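The structure under discussion is supplied below as structure tokens; questions concerning it will follow.
Order as written gives the chain letters A, B, C and D; numbering starts at 1 within each chain.
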Amino acid sequence: MKAKVYVTLKNGVLDPQGKAICHALESLGFDEAQDVRQGKFIELELADGTSEARIEEMCRKLLANTVIENYRIEIA
Amino acid sequence: MKAKVYVTLKNGVLDPQGKAICHALESLGFDEAQDVRQGKFIELELADGTSEARIEEMCRKLLANTVIENYRIEIA
Amino acid sequence: MKSAVIVFPGSNCDRDMAVALREVTGRAPAMVWHRETVLPDVDVIALPGGFSYGDYLRTGAISAQSPIMAAVKRAAEQGRFVLGVCNGFQVLTETGLLPGALMRNAGLDFVCRDVPLTVENTQTAFTSAYKVGETIRIPVAHHDGNYFADGATLDRIEGEGRVVFRYAEDVNGAQRRIAGIVNESGNVLGMMPHPERAIEAAQGGTDGRRLFEGLVQAFVDA
Amino acid sequence: MTDIITPEIVAEHGLTPDEYETILAAMGRTPNRTELGIFSVMWSEHCSYKSSRIHLKTLPTEAPWVICGPGENAGIIDIGDGDAAIFKMESHNHPSFIEPYQGAATGVGGILRDVFTMGARPVANMNALRFGAPDHAKTRHLVAGVVHGIGGYGNCVGVPTVGGEVNFHPAYNGNILVNAMTVGVAKTDKIFYSAAAGIGNPVVYVGSKTGRDGIHGATMASAEFTDDSEEKRPTVQVGDPFTEKLLIEACLELMASDAIVAIQDMGAAGLTSSSVEMASKGGVGLELNLDAVPCRETGMVPYEMMLSESQERMLMILKPGREAEAEAIFRKWELDFAVIGTVTETGRLVLTFKGETAADIPLAPLADKAPLYDRPHVETPKRAPLADVPESADLTADLMTLVGSPDIASRRWVWEQYDHMVGADTVQRPGGDSAVVRVHGTQKGLAITTDCTPRYCFADPFEGGKQAVAEAYRNLSAVGATPLAITNCLNFGNPQRPEIMGQFVGCVSGMGAASKALDFPVVSGNVSLYNETNGVGILPTPAIGGVGLLKDYTKSATIAFKAAGEPIWLVGT
């Protein structure tokens, strides 16, 4: 089975990479870009039957740093 | 308006990060983890009415490195 | 004073740290592989700089889960000294031994150069050989040294005098220019600059040496 | 083994009809596709040096302090007290133009492996970079990518990047140059070579798994660019500096024992070039069981395994019975380890896969008897002398123009992105004439520089070649070092054009003349030809990497003026 994990920075945490991308888009002439946030997109190939609780645990223990990040799980 | 862009490594391209994460999950006792690929998840805040074609252009020009990455756009 | 250096896969300042400890303390530190579960009987544990696990996922994240870190945590709770430099600092925040997180430099580029630091607190064993308010020069070499914590945490650690080193100029976008912090009891220090690269004149400066000398003194005094 | 080999397939492999005839004669039958692929990479310009070899032979390569000259993975010089310096420079031009970050990064990884495979701990990296005009549309992206890539790899493996050079010129608009150099230090009695030996000894694969990366990279590096090369983009190799760091530590740990008979990194054309070179140097044969090769992807066939350019891999011959001990070390460092074959006495490379013979080639024609060309060359016409420069009307303004020009402006923005201090032995940082890195635990210092002025080489290849060597010599002397030896990376256009070949021949003879006069031999090097886009060649760029020795690093001279009021001397002519 497959699961997808989206890790994003919490609100209020500055995102230097997102800011730089936004800036770069503007200098390329993409004036439509108003704000950019960059996160991670992690695709997991898991043994069948892995529970969502177990994936949560992976997120809390390793995949996200809950001091600065949120995560969202999607099971395909 | 908001758009989401998912950037992933093309098939066959080495993903050292994914490899390291998978390995770390295993050593933490998450034996269910069989393979991990890490990509980027970019959230764009755009001027209303920005066309998908325009976002595509952003991807090709900046957000994805099309030599090694694929991208997917989702308009919220 | 007896010391140990933890070696993670991808540590690359472990040998530099060992040289500095040997130079200043007169004895070679024990080199401890991250898979170990017990620490040797030492007074100071150093987590070196480098790119443990390639900095993959997040800097320090995978190392923070290494078997040895449970032992380091216990040692810290027992009051033994723990020094985390650069990647070692990142590991300490990921482990939760120090608050906050280290994010990508605001300028996005890796930065390697000498930087001026202000010593803010000399009441710790690590900083006892410096003078309060003194400006010292120590090299940085990092891509993710941009210190972040929420406002309340920042106010708290500032109020408790736990910010011990501050950049005298903006280096990486760190909040309040924080370069190094200690834990509540003052026995765990995390800092981005590399004191072990400034212990003899040939390296371009000796301001890092006093950090190790301060530690040695703490054991002479004890 | 019944592939049909059409002239189109031969051409796709970059082989001429004549070369194919030679293959047929050597094999005594039609090769299968795997065999053809192996010939094509071994006979590519990149691996065989077929256009350059006869000229390189004229370079002086000997001196009492030279332990090993060209021909091995890197050159070795004696620096006293049982210490040796091992170094080499290499190009990664084409991959860096296609994908600047990964191209430059894997260039650094490759040159590091050439040095630690010989038993040295790498102590310094250098890089020589040439980009197009600063205002060319692609330049900014390429500069940023290359500098990030070099830093990304070098910083992570923990080898300080202590210097280099950066030039801008429109001749590089469509073909940038990325040359990387590594210097390492070993004990003279602990040097490892690549010649396979010991019939029956195990052949061992270590490092990363093999994927479908960069298949045909070596032939790409030997072909000209056209506009659609960018579209073709074969799977680009992605570097994994973390794995490289583990590989360095694991190899050095195993090298501390006496288990290794021979070792070689898998560079361009990976498993093919490493196995063929090791076997032919040792005058033996190899039989490899490809089922045992650690693969990253499913369904990989022998052709792909033999041509893959996946990074961070090494091939070793071990003494019999030492496999378990070696395996334990590589497992500890979390690396792949597999016994994939044995040394044989057949003088042939035999590959088996799924119980069948996948290739069976006599080694002699692959390596020693590879084609050699004496390509026609014409001497570069003498240029008319430059007109006199009018007297300056405003010296300050002229000075500002010079100091602000892209070729002279400070490179601090580059070297600050490289960790140039890791190892804590850098005693002269970037910014001076040479970097100085002390030999750990001794008073000795190694001085290192890279130099070339391509516009001189363009104006007069012979004088330009001489000048590049002389400048390296001066830069080493300027910090107080005794210059000892050089490596080089010869970047030129299409050697099938007589005027380009003329530039090459001129530069090489100029380099040789200067090396000889200065007792400054060439101990290693690399050639990169076909640096052209749409038929326009780059400036001839023979980059020189020089290494010198200081007996006492504390006496090294630095570039800064020390105090006001001190006299300033101008010496020389």
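What we mean here is this: a contact is a pair of C-beta atoms (placed from the backbone, for glycine too) under 8 Å apart; a residue touches a chain by one contact, two chains touch by 3 or more.
Quantities reported herein were computed from a predicted structural model and do not represent experimental measurements.
Counting C-beta pairs in contact across C-D and across B-D shows that the higher total falls to C-D.
If you average the Cα atoms of subunit C and of subunit D, the two centres end up 37 Å apart. Separating the CA-averaged centres of subunit B and subunit C is a span of 33 Å.
Each chain gets a centre from the mean of its Cα atoms; for subunit A and subunit B, those two points are 9 Å apart. The set of subunit C residues touching two or more other chains comprises 53-54, 56-57, 62, 65. In subunit A, the positions touching at least two other chains are 61-63. Contact of a single residue of subunit D with at least two other chains is seen at positions 240, 242-243, 334.
Because contacts link the chains in a way that matches no line, ring, star or complete pattern, their graph is best described as other. Looking at the complex, you find that subunit C touches subunit B at residues 53-54, 56-57, 62, 65. Partner subunit D is touched in their complex by these residues of subunit B: 10, 12-16, 19-20, 23, 65, 67-68.
Residues 16-17, 20-21, 24, 27-28, 38 of subunit B are the ones that touch subunit C when the two sit in their complex. Residue ranges of subunit C in contact with subunit A, taken from their complex: 57-58, 61-62, 65, 93-94, 99-101, 103-108, 146, 148-150, 173. Chain contact summary for the complex, subunit D toward subunit B: residues 98-99, 101-102, 208, 211-213, 233, 235-238, 240, 242-243, 296-297, 310-311, 334.
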